[in-house]
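Letters are used for the chains, namely A, B, C and D, taken in the order the chains are written, and counting of residues starts over at 1 for each.
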Amino acid sequence: MSLFIVNILDGLVTGLLLFMLCSGLTLIFSMMGVLNFAHASFYMLGAYFGYQISTYVGFWPGLILAPIIVGFIGAAVERYGLRRVHKFGHVPELIFTFGLALLIEEVVQYFWGKSQMAFEAPGVLKFAAFSIAGNAFPAYKVFMIFIAMGVFLVLLYILTKTRIGMIIQAALSYPETVQNLGHNVPMIFMGVFGVGTAMAAIAGVIAGPVLGTFPGMAVLLGSIVFVTIVIGGLGSLWGALVASLLIGWLQTFAAAYNLRMADLLVAIGLTEPVDVAQSMLSDLWTLTLPQVGPILPYLLMIIVLVIRPNGLLGKRET
Amino acid sequence: MMTQNAPNAIELRRLEKSFGLAKIIQGVDLAVEKGERHAIIGPNGAGKSTLFNLITGKYEPTAGQVYLHGQDVSGLKPFQINRMGLSRSFQITNIFPKMTVFENIRCGLLWSMGYKYSFWHLVNRQRGVSERAEEILEDINMVSRRDELAGVLTYAEQRALEIGITIAGGADIIMLDEPTAGMSASETTYMVDLIRKVTQDKTLIVVEHDMGVVFDLADRISVLVYGEIIATDTPQAVRENQTVQEAYLGSALEELH
Amino acid sequence: MNRFTKSLLGAAFAGAAMVGSFSIAHAEGTIKIAFIDPLSGPFASTGNQGLSHYKFAAEELVNSKGGVLDGQKFEIVAFDNKISAKESLIQLKVAIDQGIRFIAQGNSSGVANAITDAVKKHNRRNPDQQVIFLNYSAVDPALTNDKCNFWHFRFDANADIKMDALTDVMAANEDIKKVYLIGQDYSFGKAVAAAAVKFLKAKRPDVEIVGNELHPIGKVKDFTPYARKIIASGADAMITGNWGSDMVGLGKAVIEAGFDNPIYTYYAASDGITKTFGEAGEGKLKLVMEGQLNPPVSDRAAAYTAKFEKQYPDYDIGQPRIANVIEMLAKAINKAGTATDMAKVAYALEGMEHDSIWGTKVVMRASDHQAIQDVHILAHTAKDVTFDFDNSGYGLRAESTVKMASADSATTCKMKRP
Amino acid sequence: MSEQNTSMAKSSASAQPLVPIKSALPWLAAIAFLLFLPVVFPSGAALTIMNQMAMTIIFALAYNMLLGQAGMLSFGHAVYMGLGGFFCMHLLNQVEYNELYLPLPLLPVFGGLFGLFFAFLIGSFSTRRAGTVFAMISLGVGELIAACSIIIVVFFGGEEGVSGDRTMGPEVFGFDFASQQEVYYLTAIWLILAALGMYLFSRTPIGRIANAVRDNEERAEFLGYSQRNVRWISFCASGFFCGIAGALFAINFEILTEENLNLATSGSILLITFLGGVGFFIGPVIGAVVFTLLQTVLSLYTEIWQLYLGILFVLTVMFFPAGLTGLLAMHLRPWKLGKIGLLANPYAKMLAPALVLVGSGVALMEILFHARHASLGEEEMNLFGITFNSQDWLPTIVVVAIGAGAFYLVRLLAPQVKEAWDMANHAEGQ
């Protein structure tokens, strides 16, 4: 039971981290109809900038500065890249962001090399906040939960309570009307893209010390992020939240419990072959839950899309 | 009308369509006879396009049925309805802009001429298809534009091409959604002649704003107001119908004069 | 269209014509060794580090001493295989075309499997241009067992041998009662787990294996749930064969979750890993490896290491065995009296005994072409470290040594000799 | 697309002999060229790279059946080539160990059928939607199968993959396919067959309707075509040809691994196809040839070749969405108007500054990279035949200065080129 609680908390950290990426991606998708394939690359940039700044002035300024820098880079990408490609249609846009993801990974390797960076959590947070049955829960993870929640609440406040939030929400549903009302929609696009990428960068800075800062970090998280927002329903912020937490817990619990396929097969009445290793179905019999953990999101996505092509909470036709 | 022997080309029974809470089509009954030229008119937002989309399978009815030659087709997909002999054009020009005029027409022909999903025929070598496409090009007077990309044609030409694609498959029910919208007077006249020519011996259903066109072309007219048909009759009778006058036609006719 | 297509086809294939033009001019009187390993992509730093050591060793141990035979020098020719089996085979063909007869590769057992298979086929199909495969790092036991062949020589201790040595040391530690095994879900990870189970059962039947699991390779973002399981199992030692970011991720998560017992590993050093662990790994991380840098075994070894560090300050001697590869190859060529008849060189290498610069005897066992040598258990520490890794102040210091590990281990290899 | 369609429409008007000489000529030229290639480049490595190119061409053409012809963006297309290849590897092993009678040249047929089978299976749910949803499902399926390749060891062989020996089958006309040369000719024959097959497919009713669905799926539905079925059939056809490429891979490399299925491979085929140009049949061919050469040659000279490739790709998407072929095709109109000569002079003037600009950009990147990552005692670097110390500021300053000068010249000359371009594209009397 205590292990269950620990896993709930760990899954919450993963899920909220995922949501920080998904919320930005969802905002961008809702506005521009383009799925930003390079979103996780901005997360990676956040981690690297955070690391670089932390080597000069420490972790905390990095947490502030890195997202700002990345946000500006994101806005520039929108202004000079995406806007240009936009007129060619959605498929070239998607290809552009795909190319951008490749490019950012190369650029990161160009400047920082291929090895893992020694990005450390700040010293003040290097203690165990509490521990449950011998399992330490680092203070840093508590801090991650608060940051993620904080970002979400600020976002929610801006979207629902401020004027600019109203305009953005209106632009989500009726971009032409908003344009006609005299708002500078391209400017809003650029701003949303910048803010979305900056949020990814915050996620990068706080995840870098825990999940590692290395050139493969974007790819590792990237496809999961798309899967999450597709499951949640493209363009639905609440869907993204639900799906992020779902996937966070799914992955945590899949890794945490050693359920064996063999037990399941026996339970449904099959008998385990005497010499499993020689059997044609040996892979099936020896399969465990942690082994398939990372592919569960993909499986879930396919199932969701087959049953509900618009995702769990999605409504927008694509 | 319900007592005729031959089934009607199109028959709608208590057809309804809602989007969320808004009921756009509120129980429409309509019968269009075979060979008839039928126009649907009505003020903006009356649901004419929605009705079109319901008949052609783009939308699924919330309630009620659509009959095509006496067969219930409600809820079928557009391609299934098309295969039963109904073809339509669109209010916004809807062609294949990256293909040539000739190819646009040919796309309209392939299914009906039995090629379906064939990957064992080469399209260029199917003389029947090419000849038929040339004939249609001639019908819509676009032989000279044969090899132009459809995307570079003038607006009026694109509208004509759209009609060419629509009739190419040889469907016996043709539905045209505002075929003369946005055209000049001379272009409109030309288009009406063209429509009359290519829909000879076919059932025609047309949605139109231009009353001149409507009264010129239609055998019968239905007036759709707020998702309900308030009258279906000959042009003359509709013109004199008091309800129609009040609801819609008065102002529309004034515009015409 | 036609004229257009034709001219394009022409242009395209004219481009293809360039392919043949990049053969590199031969320098007379050198013996070339093709180094086929990742020089770009995520594993480039490991590849470049190996390449640096090869170049250094060739210069330091052979060329500066007058070369082999009648003064022929060693030349290392680098080929980037992008850690892909397909690219490796292409680069292998390119190397053979350039007249190179010695192939060195080490990163990834998957690639090694592909190369050994390709070399076997190539040597059968082209008896006039046979090649020898010098495997300096790939440790999948199968390479010297079921999949062994005459042209393949392994200079590293394989996964089984390392586990044999590791469990010898663990068996002597009475504090260890519960062991947790975790590894990457592929042939190597499975081999490590199987060997651990086998040896622990034989040497310490009282030790309980409280966990034995595989996780997907390179796909786990967060190892925390695994760390929780390990803590919850009450293990007082864990063994993992993980490498790269899987090693760092697992190690950090486990330490962070409060694990305070030894973590026995194969590849938790250098390439940024030592630096990343830093203080956290002190007293916990243990490595099983051939070759010891700290404390230096001899003045010669110390001088060699110091010179390398001076020349390549960003790299470490992460794979000491490379020195053995170069020295033993030079010896074999001298003994065979030829650098062109590969069968003779291979026979000379087979069964060779060599006194390594790292203070051990190395025997290239004839029955399976597996090098038998001393294997060490090294601790990740900052204390008494002469040569650190990643310029981090932390390095590996020998804690215990198993002499000529697994010298009499069985092999399933049925060597077919020409 | 337009260029192709126009010419096609024209040829349909003319009288039709069994095979029009005009359309057969490029194919005959290609066959002759492929026959003579190994005479010029007989080395094993060159043959291997040419085989590699041939496979990539088939794969890219098959990919373009989706992306270019049917407008479907797949992020997981390596799967179909890979599965076809794995299946063929198992067939080869059956030939070797269980004496299955299967002449090697026929293997690609089976690879194709297996690819087709899987495309049929996966297409049954993935092709319901086009656009982003299709792209995401393809990504999911791709990741899923790539991950399964590690888990399902019986079929995929785990991390080592599955290997075999192509020479164990019955000899065909005295060939046992041990030599690279024989494999080359086998590959070349299949390249021609597959390319011809795909070319002809684009000329069938379903091929044309795939274009129609790509451009306007709604209109196609109202012409009697189910957009989903059209996509599904295109997907199956693409899977078939991918399977052929996979079989050729099995024959050439005699090993298949997880790498044949993973996202990187899927991504690079997208890159290849797009670089070459999705709107043209020949586009993927050019993309495959250029990419293979870049990958092979560039990686010999520089460690950061992938960075260059990334930059090239992003610039292509941004400025030449029609790809390399599109760039060439742009000159078709001046060529037809007989005004291509007008461009020669401005192009020639532009050539030198443009090359210097690109060169100095490359030099800057190389110097910075070297300065950052080179080892101590290796400050010397060699660039374009000049050796210097990368730690010095001087080379960087020189390169930046040269680059700035070249940039100024390019800006200066740009209006001239633009003017010449407009002139060259201007038909008389218009």
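One rule holds in what follows: contacts are C-beta pairs under 8 Å (C-beta built on N, C-alpha and C of every residue); 3 or more make two chains touch, one makes a residue touch a chain.
If you're wondering where the values come from, they're calculated on a predicted model, not measured in any experiment.
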{"item": "Neighbouring chains shared between chain B and chain D, ordered by label", "value": "none"}
{"item": "Identity of the chain that, by mean CA position, is farthest from chain B", "value": "C"}
{"item": "Separation of mean Cα positions, chain D and chain A [Å, integer]", "value": "31"}
{"item": "Whole-Å separation of chain centres (CA-atom averages), chain B against chain C", "value": "73"}
{"item": "Averaged-CA centre spacing for the pair chain D and chain C, given as whole angstrom", "value": "35"}
{"item": "Multi-partner residues of chain D (each touching 2 or more other chains)", "value": "8, 147, 151, 304, 306, 373"}
{"item": "For chain C, residues contacting two or more additional chains", "value": "41, 44, 185, 216, 219"}
{"item": "Pairs of chains, among all present, that meet the touch criterion", "value": "A-C, A-D, B-D, C-D"}
{"item": "Contact set on chain D toward chain C in their complex", "value": "3-4, 7-8, 22-23, 25-26, 29-30, 33, 37, 40-41, 43-46, 48-50, 52-53, 147, 150-151, 158-161, 163, 165, 167, 178-180, 249, 253-255, 257-260, 281-282, 285-286, 289-290, 293, 296-297, 299-300, 303-306, 325, 328-329, 332, 373, 375-377"}
{"item": "Residues of chain A that touch chain C when the two form their complex", "value": "3, 6-7, 10, 13-14, 113-118, 128, 131, 133-136, 138, 210-212, 214-216, 220-221, 224, 251-253, 255-256, 258, 288, 290-295"}
{"item": "Sites on chain D touched by chain B in the complex", "value": "1-2, 5-6, 8-13, 16, 200-201, 203-209, 211-212, 215-216, 218-227, 229-230, 233, 237"}
{"item": "Touching residues on chain A, where the partner in the complex is chain D", "value": "35, 81, 84-85, 88, 90-92, 94-96, 98-100, 102-103, 105-107, 109-111, 113, 219, 223, 226-227, 230, 234, 280-283, 287, 291-292, 294-295, 298-299, 301-302, 305-306, 309, 318"}
{"item": "Interfacial residue positions of chain C with respect to chain D in the complex", "value": "1-2, 4-6, 8-13, 15-20, 22-23, 39-41, 44, 52, 80, 82, 84-86, 89-90, 93-94, 96-98, 109-110, 113-114, 117-118, 121, 125, 140, 185-188, 216-217, 219, 310-315"}
